[in-house]
Amino acid sequence: MNAHLHLWLIPLLPFAGFLLNGILGGRLPKWLVTAVALLTPLAAFCMVLQISLGLFANPIAIAHLPFVETCSLPWINAGLLHVNFSFVLDQLSLVMLLVVTGVGFLIHVYSVGYMGDDKGYARYFSYLNLFLFFMTVLVLAGNALVMFIGWEGVGLASYLLIGFWFQKKSAADAGKKAFIVNRIGDFGFLIGMFLLIANFGTLTFTDIAAKLGQDPGWNGGVVTVIALCLMLGATGKSAQLPLYIWLPDAMEGPTPVSALIHAATMVTAGVYMVARTHVLFDHSPFALSVVAIIGAATAIFAATIALVQNDIKRVLAYSTISQLGYMFLGCGVAAYSAAIFHLMTHAFFKALLFMAAGSVIHAIGGEQDLRKMGGLRKKLPVTFWTMTAAVLAIAGFFPFAGFFSKDAILYAAFLQGTNGKILWFVGLLTALLTSFYMFRLWYLTFMGESRSPEVHPHESPWSMRGPLVILALLSVCGGWIGMERFGNFLAPSVGVLPTEAGNMRLEIILSIVAVLVALEGWLIADKLYRRKPARPAQYAAALPTGYKLLANKYYVDELYGAVVVKPLLGFSKFVLEWVVDFVILGGAAWLLGGIATFTGAILQRWQSGNLRSYAAWLAAGAAAVLLFLLVPWATVLASLSAIHLGMAGH
Amino acid sequence: MSSYFAQEVPLSWYLLLSAALFSLGVVGFLIKRNLITVFMSIELMLNGVNLSFVTFAQQWHAVKGQIFVFFVMMVAAAEAAVGLAIIIAVFRARATLAVDRIDLMKL
Amino acid sequence: MHLILFLVFAGFCLGGAINLLIQSHPINSALSLIVVMVSLAVLYLLLGAEFLAAAQVIVYAGAIMVLFTFVVMLLNAGREARTMGSRAARSIGFPAVVAILAVIATVILHAQSLGVARLSDGLTNVPGQTNIELLSTVLFTKLLLPFEVTSVLILIAILGAVALARHDDTDPQGSAERTDK
Amino acid sequence: MNPVPDIFRILPEVILTLTGVAVMLLDAALPPHWARRPLGWVAAIGTTLALWGSLGQLSLPEGTGFSGTIETSAFTVFFHVLICGVVLVALLLSLDTLPEDSHHQGEFYALMVFGAVGMCLLTGAVELLLVFIALEISSIATYVLAGYRKDTARGPEAAIKYFLLGSFATAFLLYGVALIFGATGTTQIYEIARLVPTAQNHSLILAGLGLMLVGILFKVSAAPFHVWTPDVYEGSPTPVVALMSTAPKAAAFALLLRVVYEMLPTLRSVWQPLLWVVAVLSMTVGNLAALRQQNVKRMLAYSSIAHAGYLLAAFAGLGNTGIAAASFYAAAYAAMNVGIFAVVTLVSGYDEKLPLIDDFRGLIYRSPLLGSLLIFFLVSLVGIPFTGGFFGKFYSFSAAVGGGAIWLAIIGLLNSGLAAAYYLRLALVAAQQPDAQKPVVPAHRVGIAVGAALLLAVAATLVLGIVPGDVLHAAEAAAYTLQAPSTETSAPANAVDLKMMMP
Amino acid sequence: MNEINQSILTLILLVPLAGAVLVALVPDRFKLPNWIALLTALGTFGLTLHLPAHFSFAADAPRFQFEITRLWIEKPTIFYHVGVDGLSLWLVVLVGLLAPVGVVASWNAIQARRKLFYALFLVQQTAMFGVFISLDLMVYYGFWELSLVPMAILIAMYGRKDGPKAALKFFLFTFIPSAPLLVAILWLYAKTGSFDFATLRFWVASGALPAGALFWVALAFLFAFAVKVPVFPLHGWVADTFSEAPVALAMVVAGKLGLYSMLRFHIGLFPVQARAVAPVLIGLAVIGILYGACLALVQRDFWRLMAYAALSHLSLITLGIYGLTLTGWEGAVYQILNHGVVDGALFLLLGLLYDRYATSQINAYGGLAAKLPRTTTFFVIGSLAMIGLPMLNGFVGEFLILLGTFTGVSKGWAIAATLGVILGAAYMLWLVQRLFYGPESALAASKPPQDLRLGQLAVLWPLTALMLVMGVAPMLWLPTIETGARPPQLRTPNILPLVLPQSASPTSLNGEGQR
């Protein structure tokens, strides 16, 4: 195996871009900023491409994967903790790298057009590069702690980019919220790492896998706890129940950011992490079923909310959550490669959807409300056609990319016994909803007449249209690799698909069912939003409770506010600050001081200023001294003389 | 009856007298309301002490006790001079000799 | 005889002392104190301290008490004003005095091998030496330094008395403060 | 028999007496309209000579003179130097702060110098008669000085309070001497020490000890004999307070050391607990009462009561350690206290227009030098390391701990924490922004004499805090000479056999 | 070179003192005091860098290096005995590093009476150095107490609203507990006749001293240190001190001294007794972490917020120390360094904000990011380091401490502590948001923008770079710290030799009398 892959260059290239643009960006000419910003991810992408081409060309090399590259100097070597900067290249990270750098680069290009007029142009690109740096670190990480660098780092980049327009209070709030909610997930990750060190003495993924493999005794128990802790981390980063709440708010960021971070790459980190640590999950059926249930629940839960959202980006955000739920469902049924497959195709079409949405928003002057769009099909042809490809892909129509990956997950779920059937059914239902709300979005945006006639939309510049086209191609063809080939490729990293028990016919039947369901969704949307546009409002009026519940996202934010945030703040404010800090602790100090001063005041009264009372005190002192000296002495004298006399008597 | 005409008296009687005089001096300090009489009470105390010295000088046949008394007298004289001068100064400053009024400074 | 003399003059002493306390006019108190001192002089005689008896009369009764009476006259001190007394003086002071007296009396009464006083019982065993000779010998040999140092004491007393009692012609400050109470 | 001429045994006292007489005579001889300030310089020079003379006494063999009435030893030299130093500082301080038109400047200086004679004698006296005379000399001098501002209402009041209570306490002391004389038949300290173990009437000795302690503890203003202190300090001129809060106290402590360690070492088991209690009482009472004081001098008076308590804690120490610690503390206390009163004099003025703590507000802005010095001395009084106050406290409590009195040390150090509250209050007031509304009288100009005085005090406080080795060495030598080695071996405090004192 | 090694610690002590004297002597013109203070601080920092450069890691190297022992006072025997080991080495450097930061932070903030300020500031430096290098308990105690005075005076004189009160509070809170400490030291001396660290350690370990008394002695030590850190219920002084203290002092007031003293003089001297009270300390530390974080969440004043944040972070370090694991110790010492660096930067920035806008009410701020981009950037980086973002320094220490607690102490406590650490992000980011983000506030609009100047950048850049370097390459520091926590002669893995329960280690001289 080639020992000179220089994997460390992949993250460091964008990092260099970050440093250059971050420190000097304000003073560089715009073209230079653009060049730096684009060339560094491009170089990284090219490197990844070169590596993968080299690998594909050389099957022996593939057989030697994973390739681990470790910094010769340790990062932390203290006490129990021995961690190096180590990067690992295997099939899993290769796929992820391709997606991350590839889609990442496209979004960089897209951003050149989208953010062209922004004052913080250099700052924006430096953050974007920073994100790529952390994301590649996350993907390449050879141990959990290095992964944690990327893990927290992407959170940071996300925080910075969501709050990019920091003067908008909602944007700054959303950034903060994203970071803090992610931190709750990180809590689980941290505990998981502690448990790993406590039980395995290492954080290196390959060592953990080896140790788990050596001893068949590892099953359930602590492994479950570790897996669940890691899962908690994953739910934070990948916006699963119950920690998904930050993702819809994250749409406050610039749209390319939503495309890159909150759709294509960062939010999939949780899925990636589960796949990366799949050996742990494999040893804990309980953890796996938790993953599957969370995934399925999130998928349908988010899909229902997406049904009624009016903000184009929020619909996409909830659809992202829902699709991530699919991926977790895939992981939960141990179909890791299917999950990763869906991750990849999802990256294509979801990035495309966001970018197309961005293109729409860009075209109509920043408007994001679906109710004010419509009839854009003619005005924005490129956007329309690419968007259509993406909608078909996400709805799961054959032969678009989404069909293959979603199908693989549902199939894998179906094979998991009775529970699997339920999961499958939930997934199917979600597919129906997905199809419906995506076509709803499609109709509202492009079909019919324009509902805001005063705006004059215009197609985006080529820097934006180019990536759309490329991604549209990928959305169409991305799934043609086929699940089987993809699964076989990934098998060394994440194990084989548990689909051997099934058969071709079943798979085809299920596929047809899925496509029919998607079609049904389209038809309903077509009926409601093309043929009878008045119906949705009527339905909403007919079911006010349900509609309100959905429109308000099940009041989850409010629930968290009422159950967690407000009590915490109130408790801190009143119980801790007021009662404990001020009354009890402050009171104790005050009381001590008060006692001293009070005693002092009493002692001062001693000092009456009157000579005669002074003399009285002196006399009293003298008497006290005399009594002190003589009274005990007298008793001692008496007893001693008694002894003396007694002795003398003898 | 003959004991009343005894030629000797226990020294402890003298000492008790001395203690009594001393205590009366202390009491005087406590109850007198005039600076001068307060000062006199101190003289009374000193006289009580002197009696003790003389008595003990007799007890030990040590002349030092008597000499001590002699010095106490000298000191008393000196003290009287200074003390009375201070009393005069007080009177000039405050126009009173009442002990209880000399309480400007307190607490 | 000795006993009677002792009892009589001890009685005078105590009576004078008590009278000193109960008289409210300073002059009466001063006269009572003179009674005490003269009686003490007699007791000194009984204890064989002739020199001291003389000194007591001359120095104490003669000089010091004259000074007292002089100052009483000078300041025209009248009866003691019935000022509000100090409660502490009574409530703390009297028990304290009682305690002191009790302790000392107990100590004296428990003292062992205390002798007796006899008339004309000299301090010296050397034949032909009087008490006064002995006293002066000791005073000017062994206790020379204290004696000499006394001169400093006297000097300082004079200096102090002059400094305090001399009336200043000018009154640079304090006149304002004099009236404050 | 005695190879040293007796006059050398009292060399400093002689020099001081001559100086005093010279000042007095010059004061009388000079025309009335001439300035009396040079007399102060004469007195200062005389005091310096006396200091030098007492250092010269170190070369004398240790021993007594004048038929065993006065002693010259490292102990006496230590305290002589201390007293002369303090008197010197007080003189220099008075030189610049006494008003020019003050009528009795000459007498003032003479009284200070004569007072020093008494204090020096007090530390050297080994004959109770001389102790009594010396005590009276120093007392009378301070009585008069306390009432020196006789034109004010407070001056004579301070004097009469000090005088009457002082005489009252001296009467107790005298009674105590009488009882001890009665028990042993002598008033010579060594002889008493020799006779006490075999004396018959021990209760008499104890009563005598108790009564003597009343007188001595009054002089050091230890609770409950402290009541005079705040009133007298408040009414006396501040330069005099600088003197009388330090020098007579040091002398009285020397006397106390001599009485308990040299005269009655065999009664350690009796006096040690007593002093233990007095120490705790003094520091607690002093500190608590000082907390609420508004008048600076009264506050410092209470603080000096507390310091007496800290010093008395050293008496819980065994033999040499305790004596050395107490002596060292006396020195440290003298240095910082004379310093702070010097600063207070300069700020409040001789006529004390600014007596309250609030009047010190913004001192460091008005006069950075005085403000810094005030804070410096306060820091030393708090007992912060690298100042004399710290090592004083350190040695004192170290001796207490060494003597097994851990609780005493804990109470004492907690007390010093309490004390920090009011010291710091003053320091912080001085560091505050001055009140623009309230016009303040400018502080005294710091002249040569006062400058020298402050320099001496600062230098002494710093030397005692940074390189205390030499002084401690001297204190230990003093301790060694005070306590005969034979009694040193008589083991731990509470192990004194009571039977030894039985007939 | 040997002579330099001999005298380097003394020089480090004396140079700031000399600078203080010089500052006191020069006239207050042309910013002379500032420059002298700055040069002195930089010079001292340069001197401190000599220490790590010449510290020997050899297995046979003595634990304490650059040692000097000179008799100071004969009786009681006090030695001027100084030296550094792995625990104190970097702390000395840290103090040296923070000095120029402090001077820069005060450069414009202190306009009046600069001489006094800088002189006392430099004296404070000496005192802090003294605490870290003293190996004689009396000398140590001297510096320990001395460090209070300049601080109190400076808080009183340069406080913002109610300086004197805060100064009094600070002084009493920290001074009174040192009374039992002194008694304990005196007791040790009375029993052993020595103030020397090594000697006393031998004595304590030998079992010759009464165990019951030793328990109380150790407790007295701990009490004094715990107040100074501060540990949870003893933190009453922190908030007021932080809101009043000049920036240059607020950066140094909390933490370091007390934490170091715990390591060296509580656990180091009384391992058995420390082990006995460790559970209590662990509990208090965890409470402190959560308590500080919760209170920081609801503060309206950014100084107070930083105070409670400091309580939280310092409690975390305390947890690392009293977890008594090697991992935790290394993390704790490292975290002390991190805390110093990060707090230095954050306080500098907050101080600048306060100087310009004259308020510390968080609500008054908002939307500063557009006007002060550099300030914002540095503040955000500092905040991120503070909340433990990987690659920045805070993470390494935090992780090690939590890991040590998790594996060596108790999972429950570790989880609770981790929760507190997570909360840290909430209050810091909320602070960042309220100060810098959102719409521009009236306050921000009222003053012309003035971003960081050259001098401030010259300090902030190195500090920020240091945060990154310390996060990426902690191995530049950790091995040194390890030699302090576990001397090179002892290579028993993962166990602190100091706290071996039984006599498994040759240096632990546990006798029968102790258990």
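Labels A, B, C, D and E are assigned to the chains in the order they are written; within every chain, residues are numbered from 1.
Convention: contacts are C-beta pairs under 8 Å (C-beta built on N, C-alpha and C of every residue); 3 or more make two chains touch, one makes a residue touch a chain.
Since the model is a prediction, treat every value here as computed from it, not as a measurement.
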(message) Touching both chain B and chain D, which chains are there?
(response) A, C
(request) Have a look at A-B versus C-D and report the one with more C-beta pairs in contact. (result) C-D
(request) Work out per-chain C-alpha centres and flag the one nearest the whole-protein C-alpha centre. (result) E
(request) Determine, using the mean of C-alpha atoms as each chain's centre, which chain is farthest from chain D. (result) A
(request) Would you mind checking which chain's C-alpha centre is most distant from the centre of chain B? (result) A
(message) Measuring centre to centre with CA averages, how many angstrom lie between chain A and chain D?
(response) 75
(message) So the centre of each chain is just the mean of its C-alpha atoms; given that, what is the distance between chain A and chain E in Å?
(response) 35
(request) List the centre-to-centre spacing of chain C and chain E in whole Å, with centres computed as mean CA coordinates. (result) 69
(request) Averaging only over C-alpha atoms, locate the centres of chain B and chain E and give their separation in whole Å. (result) 66
(request) Please list all residues of chain E that touch 2 or more other chains. (result) none
(message) Where in chain D do residues touch at least two different other chains?
(response) 129, 133, 136, 140, 143-144, 147, 150-156, 159-161, 164, 168, 179, 182, 203, 206-207, 230-231, 418, 421
(request) Among the residues of chain B, pick out those that touch two or more other chains and give their numbers. (result) 15, 22, 25-26, 29-31, 38-39, 55, 59, 62, 64, 67, 71, 75, 78-79, 82, 85-87, 89, 92-94, 99-100, 102, 104-107
(request) For this structure, give each pair of chains that are touching. (result) A-B, A-C, A-D, A-E, B-C, B-D, C-D, D-E
(message) With touch defined as at the start, can you tell me which chain E residues reach chain A in the complex?
(response) 173, 233, 235-236, 291, 294-295, 297-298, 325-331, 334, 367, 369-370, 373, 384, 389-391, 395-396, 399-400, 402-404, 406-407, 411, 414-415, 418-419, 422, 425-426, 429-430, 433, 436-440, 472-475, 478-479, 481-482, 494
(message) Touching residues of chain A toward chain C in the complex: what are they?
(response) 608, 610, 612-613, 615-617, 619-620, 622-623, 626-627, 630-631, 634
(request) State the interface residues of chain B toward chain C in the complex, per the touch definition above. (result) 3-17, 19-28, 30-34, 36-37, 39-41, 43-44, 47, 50-51, 54-55, 57-59, 61-64, 66-67, 69-71, 73-82, 84-89, 91-94, 96-101, 104
(message) Considering only the defined contacts, which chain D positions touch chain B in the complex?
(response) 129, 132-133, 136, 140, 143-144, 147, 150-161, 163-164, 167-168, 171, 174-175, 177-179, 181-182, 185-187, 230-231, 234-235, 298
(request) Would you pull the chain A residues touching chain D in the complex into a rising list? (result) 593, 596-597, 599-601, 603-604, 606-607, 609, 611, 614-615, 617-618, 620-622, 624-626, 628-630, 633-634, 636-637, 640-641, 644
